[in-house]
Amino acid sequence: MSDEENVIAFPAAEESAAEEPSGSCPPEHLVPALEACLFAVTQPVPTATLAAALGVSEEQVTGALEALRERQLRTGAGVRLVEVGEGWQLRTEPRMATWVAAVRGGKPFRLSRPALETLAIVAFRQPVTKGDVDDIRGVDSGGILRTLLDRGLLKLAGRSDDPGRPMLYGTTSAFLTLFGMRSLADLPTLRDLRALREDDPEASPVPVVPFPDGDEG
Amino acid sequence: MQAERTLQVLPQPEPQARRAEPPVHIGVYDGPLDLLLYLVRKEGVALREIPVARICDAYLRHLHELDEIDVDKAGDYLAMASTLCLLKARELLPKAPTIQGEEEEEDPREALERRLLEYERFRDAADQLGRRQLLDREVFARPMEPVAADEQPIDPTTDTWGLAQVFYGLLEKQSAPPPVHSVAFETYTMADTVRNMLELLDDGEEHTLSELWVDMPFRRARLITFLAALESAKFQLVDLWQRIHLGAVTLQARVRAAEADLSMLADHEHDDRSAGG
Amino acid sequence: MSDEENVIAFPAAEESAAEEPSGSCPPEHLVPALEACLFAVTQPVPTATLAAALGVSEEQVTGALEALRERQLRTGAGVRLVEVGEGWQLRTEPRMATWVAAVRGGKPFRLSRPALETLAIVAFRQPVTKGDVDDIRGVDSGGILRTLLDRGLLKLAGRSDDPGRPMLYGTTSAFLTLFGMRSLADLPTLRDLRALREDDPEASPVPVVPFPDGDEG
């Protein structure tokens, strides 16, 4: 293959092809160009970044991505376009997980239950202190918080006004990406405490869960 | 009426099924609330109708059955035990007539119920999160090639933690005690180091490079380990990645130590030595 | 949702989908499965490896790969199947190289390790002299300090009373903005870090322990 040099197979390896983008991507190339771009990067890419790189409008990008998604669906492709965190990403079709794992080898990714609990608490209650997490879980969560910070699933989000000004924690966009969510609005709904309160109006007021209901902002 | 029910069930012998259960380790439970929730669910009652005496007994019995208990965590479990015993005692005693407006303090039973209920909600939420299609579990993106630290992008908005890690890492390095004696360089060969590293990684879990360094006071040992990590990644013995710019270098074995073919490392022996010197 | 209260049975811990491959890939999934597999690895994969992982014959693999290639050609896909020395690989379509490079070239923010170290030291220790930074890093940091001044992340903050009255450095508000902090008080202290130091074995992402469900015996 004579033009193999131009083929970018490995992200980050290639330098030569990184010339200045010349003008804008012709409309007939938009879908394959976007497909190639998303294939060649590992992280989700925002619409604006794609539009800027290809010299087209964001509407053209979303339109072409819609066409790409439609084609993947129609042809039963093993790779699908998803919108996660703040951008677009190509991912394998979930039903192919077994075969992908078999080819990739290695241990499957796992999250421990304590880690999931801690993530859930931070996700719903953020910004939240370690004390809050400890209270709800009934055990010390320091080690887990640290691990989740190291893994970039949580971030530091300032300090609380509580005595001692403890650190506050929040979730990151990597959290959204991991769980395939577009925003925190995609979080599962928490069963609420209203039932309890109806039965027992004397019960002291329960803490209200600030849950992003449907629309976030 | 609750007191009546609990009194009634107190002398109940332990059901057969429960006795047949294998001994349980404390590690199975994610804290006292988790254990308590498990027991309540096993009773098949709603949280609001917890038969305190029965649950208390079950809880204590469970603590006794645990053949090993982490000293650091025992406190949390025992604190819960004392709360349950207090509740049990209160329910066995006739309720003192309350003077109007006096009992302002929250009923400890209600407080416990509320904690349990809240904990249960987050457990459910955690379950729901765990059932999503997780990246690298059910769905896969294009994998990242292992690249040099300086090639990694940085996301400063989430990297206050990373900044702190860098700073405290420097301080630690600065204050590390100097080695008291020197070790012959020949101690470390690339193949040996890779083999040792793979053995440490044999649990299949993710480990950071600094974890592997824990017992290595000498720069050279660390350097060789670092090189070994890179070599292992090159020969696909391990997966190696940094999730964030300058973040922890994380490793996970792709092969078992016993099965790893390290013959290709022999050729590199000489080079690596000179690189390390 | 009302009956959710009554659900006592604990949902069994999810088994990761990426367990042992069970049997062989059904024929109707062969094409998407192969596509997903090749998408999820960077190295070329030999036919034999694919056949073994999917539990099918090598002829079935090559046949399905031929169908995949034909589909990519027909739909004008931006990603193509190529056969290279050691096996099969997905690569971006050569004509899309410009756009791929443009997207990948949209450089995310980068700080070199020395720059990050220097920033960290100034942030935590400010106001600080070049000598202080050099001491902690163990190397001369003059050039980096100047670069960070130029980039507006550091500023001069007067002079020290030390002999020679060296310049003092501090961080700017641009630095705070960059790292998403409201004030320097948001930086974690050693005390904060210690709160997370709980070395509890559950902190590491250990495998999910199947919860002993009462109903399951």
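In this document, chain identifiers A, B and C correspond to the written order of the chains, with residue numbering beginning at 1 in each.
Keep in mind that, in the parts below, a residue touches a chain if its C-beta (ideal position, glycine included) is under 8 Å from a C-beta of that chain, and two chains touch if they have at least 3 such contacts.
Please read these numbers as outputs of a predicted model, since none were measured by experiment.
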Report which of A-B and B-C is connected by more C-beta pairs in contact. A-B
Based on CA centres, what chain would you say lies at the far end from chain A? B
From the C-alpha centre of chain A to that of chain C, how far is it in Å? 11
Can you give the whole-Å distance between the Cα centres of chain A and chain B? 23
Intercentroid distance (Cα basis), chain C paired with chain B, Å: 21
Would you give the residues of chain A that are in contact with at least 2 other chains, written as numbers and ranges? 10-12, 39-41, 90, 92-94, 97, 100, 104, 108-111, 113-114, 140, 149, 151, 155-156, 191
Chain B: which residues touch two or more other chains? 30, 73, 127, 130, 137-138, 140-143, 145, 155, 157-161, 205
Using the touch rule from the top, collect the residues of chain C that touch chain B in their complex. 5-6, 8-11, 13-14, 16-18, 36, 39-43, 107-113, 116-117, 119-121, 123-124, 135-138, 178-181, 186-188, 190, 193, 200-202, 204-206, 208-209, 211-212, 214, 217
Considering only the defined contacts, which chain A positions touch chain C in the complex? 1, 3-4, 6-12, 14, 17-19, 21-22, 25, 29, 31-37, 39-41, 45, 49-50, 52-54, 71, 75-79, 90, 92-104, 108-115, 130, 140, 142-147, 149, 151, 155-156, 158-159, 165-167, 191, 195
Under the definition above, what is the set of chain A residues touching chain B in their complex? 10-13, 39-42, 82, 89-94, 97, 100, 104-111, 113-114, 116-117, 119-121, 123-124, 136-140, 149-152, 155-156, 172-174, 177-181, 187-188, 190-191, 193, 196, 199-200, 203-204, 206-207
Quick check on the complex: what are the chain B residues that touch chain C? 17, 21, 24, 27-28, 30, 38, 41-42, 44, 46, 72-73, 127, 130-131, 137-138, 140-143, 145, 149-150, 152-164, 166-168, 170-171, 174, 205-206, 236, 245-246
State the interface residues of chain B toward chain A in the complex, per the touch definition above. 30-34, 48, 73, 76, 80, 106, 110, 113-115, 117-119, 121-130, 132-145, 147, 151, 155, 157-161, 165, 204-205, 208, 239, 243-244, 247-248, 252-254
